[in-house]
């Protein structure tokens, strides 16, 4: 992996898409890389489709624009596939999708179930990071785990780490 | 389908405020002009070039709903048009930054129904403390932390403050009691001059609750005495929903994320405060004294 | 001879009455206060149709005007200085909503320190707001501008400030012609985009995502730039109907000379006298927003030296705001352009002083800024 | 459109907020007594009485307030996406 | 590698804590809100010394800061857009009273229509107020500027706005260095002219007749112009102490070329990349008030073509405010100077778009203005 | 000579407001910081480079005395300095344009004494109507004319409005009763938190009266019941100057130019209103109910 | 009388110096002349020294500055002579003074007494106009009387006119 | 003086407002009981008790409030300028 990697995460208000982006960026930072995470901010309420972005690079990042041409796309909910063109502008071809009904051309992972098991709620934002790093290698499991624990110290973090690791393992 | 508000707006699933605002306006009917302060209700309903509203509706800034309404009311009167003029805003827009506009409009006596949709914080900007935030509630600018237990002050008694302007009618209401709310709106409309209705409207992310609980919470606030339903007609207090025995405050507080950090002593303090307040209102009612 | 002798404020108030605003919001502040006072007295005597709202602040004054204007009627207020400053947020909103509200701004210095006297800092610092800004040179012009303002506002769907100098104009009792009848000139306001009415519901004052926002701003910008033509047309129509015109409606050029003085407001009366003495030209800016760039370039073509005299200070930029805008417009030109900052907080800009200014023309460097109290 | 005014009232219906929903309320036509309580309380509002409570899923965000307030338990719900392992 | 990855707002809040303001007034408005929220959380956790006043409006926020500052302590607030606009009257008062208050302005478009996204209209329209205005290009710079601002303010007795782009900076989580200790750099504030104290009574906030008023304005103007030196010195000291500098502290020049792009704010990150590609020079304005006239003249000497890219519109003047000020400064020059108005209300100013802007250089006429959404 | 205020200021001969302001500050003593709103008191005492004040004093704008005081109070507290912080302004500065700042400061609970020197109009700008102007008074913006008899609305009941903020102490006072005023200031200082005192301060040009009448008018306002002296301590009303029989309103109204145009029916209405108001206060007192 | 005449009136806040200036300007206007009247405005309270100005001319007046070089000065109260340099900048030499103790070099007139007689109060602003026009001829008695009646219709005006006329006669 | 601050407190005493006076209050030292009431009520304030009420005519504006409030009629007044015909 060389150059800058750009990730776009699709989710809904309240699902933690921005938190996921920030956790991923933190992990990359822990791996010694430069990183940037931000949302396509808007006055969106819970439930409304939202996007967040991550850039990771060996070099300092100095771009200030939305991610229009992601290398990787993460979709936190399958329903979004109908509403949003998640592949818009994609340079890469990796769409990592949380779903129970596999979708052609995506890396499918049923993160809801994993999260229900591990966290007790269908909160998949951190869980999906496991799949993401497995598929792309843009951060290590350890650094993501550390980043999660920093963000959610204590048992909440531990459960999220568990979910993330499970997803990491579950994805092919 | 509602005559007043179309779906497709972007309020959160389970938003209490949009229930309150719509029900108030439905009770008034279509012969209305709505003057809205900035806040969730504006942002979720009027993204140019669309609008959810089916009645004449204007928004200018955060701090001036009642002042805009003053101009609207007098301009309509000048044109011989008769319509109910409503100034409406959140606790922030009416109790804090727009309170002077409200006070001024009351003082001048314009024929306006001023409505506070009170979700007890600045929700549109992400749950900050307002004067309407209850004591001990955690908000992003009055967060609970290792040394502070959330907001430090009791909620502003805006209804008494408004009633003290010697207006003919002021009332609290709750989206847990829509019939009471509608009756109060109708009653308010019978009076010429300034009227104020303050509606409790739970907020899903702001309070940290399940969307389906919005209405039951709004009921529980009343049953625990934390949100007494009463009205002040020409200076006289009347409790419109009496409770023999107030329910314990936990029933309302537990399950709300904004109160998650409360210690028993905080809960007790809230309960005592609610009780004292309720009893004060009861004694004012019993006395039949004209306060203002 | 004009038809009456009257205080400037009262003359303007008489014109306002003729314009028949339906809602007039009022909050007192020196030196604008005589306008609302005169209107209030008319109301008390049954001589004014509109409703006066005696608000509790200038923020509410403009808010009430916005509410009223949004129902499709004419709305009016007057203010000065701190009052205008308090309206700042709403000035941008009014223009953005394209509401044809008219304000008489009776110019006064801004605090701190507090000062009640004339300069132009108050309205100059609202020059980005999207309002049309007209500056009167005399009380006669203030009266004439006020009715023109309503027509301009309604034709352009832009709010208009009619600026007149505090005390110098507002409190001077002098000979002025106030028309008896302006009906033919100022038609009824026919609102097209804003009329809050239960029979024709609409939503006014929406919010917008980036692209629609910038589109609406561009429309506003274009309207502001296009208003140049309307301002001239309305001015010309008025000149035809009432026999009084002021230059081309945007700027007024008097005298001749290789040195031009560019200025604004009532101080131009004194400047005109001095310029005549000294063989200089006076270019008086009557319309500051939209900025009459083409007209100024035309008028100042071939000048050797230009002195901008203004009553505002662009702090940390140097000189006044108009000075820099003029320099920008004349970037290509060889003229030496310098600036005098004068009359802040009501310092009297006397004929004697202006003679010294004129005499200094040769000693001024391009871009040089001098203060009257230096 | 001048100044951001909108004359097309009620035009947010272009925005199908039904896509936000993760829980689906379901009216049991038999049990529904047409009391209208759910209609009043629906935040969208997207329930009509026609003849009994009918939910417009184009807009329903799945808050389940209707279910909570129905005095006759005429509304049930199920997840829009069920977790297959459960 | 900087020492942490953190949201811009939080990084700034951490720096604010280090600066130890005694009073922090707060009122929420997107996108500035994360700063007060972070500070409030510090307070709740016992990690912040100062008192937070949760006011009921931005007018009261700045009022409370003024009150606090007048007792001789450091006072701070943060705001955006409508909030800054509501402070307008008080901004002039603060500067006039020479109170060294620091505000983080998280830039956002002004209403109407309402919009929560980034542009510079809010602070640009306060450019006359006498405040020093610094604009950050990155979050690192926002952090560094915030501490510099306190020192500049206190040395110059002028209030300072540290402007940072809403969302682009405030809400971007990225790699930033926040110093642990700034004690050596920022000494305690030693008030000389304002300290309300029963033991040493004084009167603050007087009013003034014309001559004393204009004298105080002149002093303020001179202080604003003289602050150029202090801003540079403080910048240099900081660079020495912390190893981070930005050009000469007023402007930052990168790259080479006969065409220069002059811009301000975080969009300069993208512009820098494009300018490099296209062989152009970027002149980033870091300090907009006082206007770095001499520095700009120096940096732009000999350019053939200058493109000003800015996120504000001087309605009715054409283009942005900086464009005209630059043209005024460069009046003598042969360079062709044109303007792009971009990014109003948060329209993303992308690398692709900026490439088009760069490619248009030859086709632009002197004085030409184009809008991104034209 | 006063420790507080030097002569040589430019208030009108016979100004009631400057008596009120000085006496309040003398009752407090020199350990004070005064935050003044724009108005006559600012303009007549602080023409740069002179000042009449001998105590720390600040003025910023018209609308923010109480907000400035909030900052002052917290900044002094931060420095461990103990001093009484006073926010003071006219009826315009405190009841109208600066009322939100006052309300906000009360709500937040800062330890401030807020003083309204009420001369019942905007005097500094030449006698315009404020919410404190009495009904029927002629001012330049509510002039008497052939169709309107002066101001149309009753005076804003600012004291009740303030007391409804649940502050510990609020009181009216008058420069006709300086001992009562001083006692109230002293009492107010004993309470932590927000306190409000509203002092009637006749104005020579504004009321159109002889300068020597300033004090007797301020007495007569009380004796006629038009300006009852009372206090509200922790929500309970107490009349501090009882009048068996209210004097007829003419005694107060006649001789004031602002009331010169009144017809008998106006005078009667004023008298009735004063009486009803006084009786309302009496009955509130008698009830010993806690209103807020 | 040719060219422009400039008058300065010294009085105290509340004495009506500005009203006097306006009445005089109105009278001149009635006489077919251009005129301008204004005060040296300030935040002056009753009792404080104030000034007002009148310019009268056959030609339109377009000067906007205080009157620094008056042709005529009117002083409404003798006490002002001690406080103010009433002759400052004078071009002419006519100082018309309301006084009971004649002052060298002034046109002395005891307008207080006249006003007390005619109006019942020592309000001398209009009364002094009688002296002024007698001495200078810058307006006619009739036009001043008319101007007074316009400003103060009814008995108040009549009394003022009487005082003005008396002063007119009394002055030499 | 930066920013219009004034440290010379009480400096309005440079401004001798006694020149504004048209009526002169006169204390009758005999009658004065030194109750201080006039001192309290004087708007300037310019009365001291030294030993009885003493008015500083440099500042007294002649409002005659002192005369009105003195319970012992110890203050009288006369016009600063009497009309000779009266």
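To keep things simple, chains are lettered A, B, C, D, E, F, G and H as they appear, and every chain counts its residues starting from 1.
FYI, a contact is a pair of C-beta atoms (placed from the backbone, for glycine too) under 8 Å apart; a residue touches a chain by one contact, two chains touch by 3 or more.
All values derive from a computational prediction rather than experimental measurement.
Steps from chain E to chain H, minimised over paths through touching chains, total 1. Chains making contact with chain F as well as with chain H: C, E, G.
Each chain gets one centre point, the mean of its Cα atoms, and the points for chain G and chain H are 31 Å apart. Distance from the chain B centre to the chain C centre is 42 Å, each centre being the mean of its Cα atoms.
For the pair chain C and chain D, the distance between C-alpha centroids works out to 54 Å. Per-chain Cα centroids separate chain D from chain G by 81 Å. Annotation for chain D: residues 1, 3-4, 6, 9, 17, 20-21, 61 touch two or more other chains.
In chain G, the residues that reach two or more other chains under the touch definition are 42-43, 47-48.
In chain B, the residues that reach two or more other chains under the touch definition are 10-13, 15, 42-43, 46-49, 51, 53-55, 59-61, 63, 96-97, 99-100, 103-104, 107-108, 131, 204.
The complete set of chain-chain contacts reads A-B, A-D, A-E, B-C, B-D, B-E, B-F, C-D, C-E, C-F, C-G, C-H, D-E, E-F, E-H, F-G, F-H, G-H. Of all the residues in chain E, the ones that touch chain C in their complex are 82, 85-86, 88-89, 92-97, 109-117, 121, 124-125, 127-130, 132, 205-218, 220-221, 224-225, 227, 289-291, 293, 312-318, 321, 323-325, 327-332, 337, 343-348, 366-367, 371-374. The residues of chain E lying in touch with chain D in their complex are 112-113. Every residue of chain E that touches chain B in the complex is listed here, in rising order: 26-30, 33, 36-37, 40-41, 43-46, 52, 54, 56-57, 82, 86, 111-114. Chain contact summary for the complex, chain F toward chain C: residues 38, 42-43, 48, 59-63, 96-97, 99, 122, 125-126, 128-129, 131, 140-148. Within the complex, the chain D residues that touch chain C are 1-7, 9.
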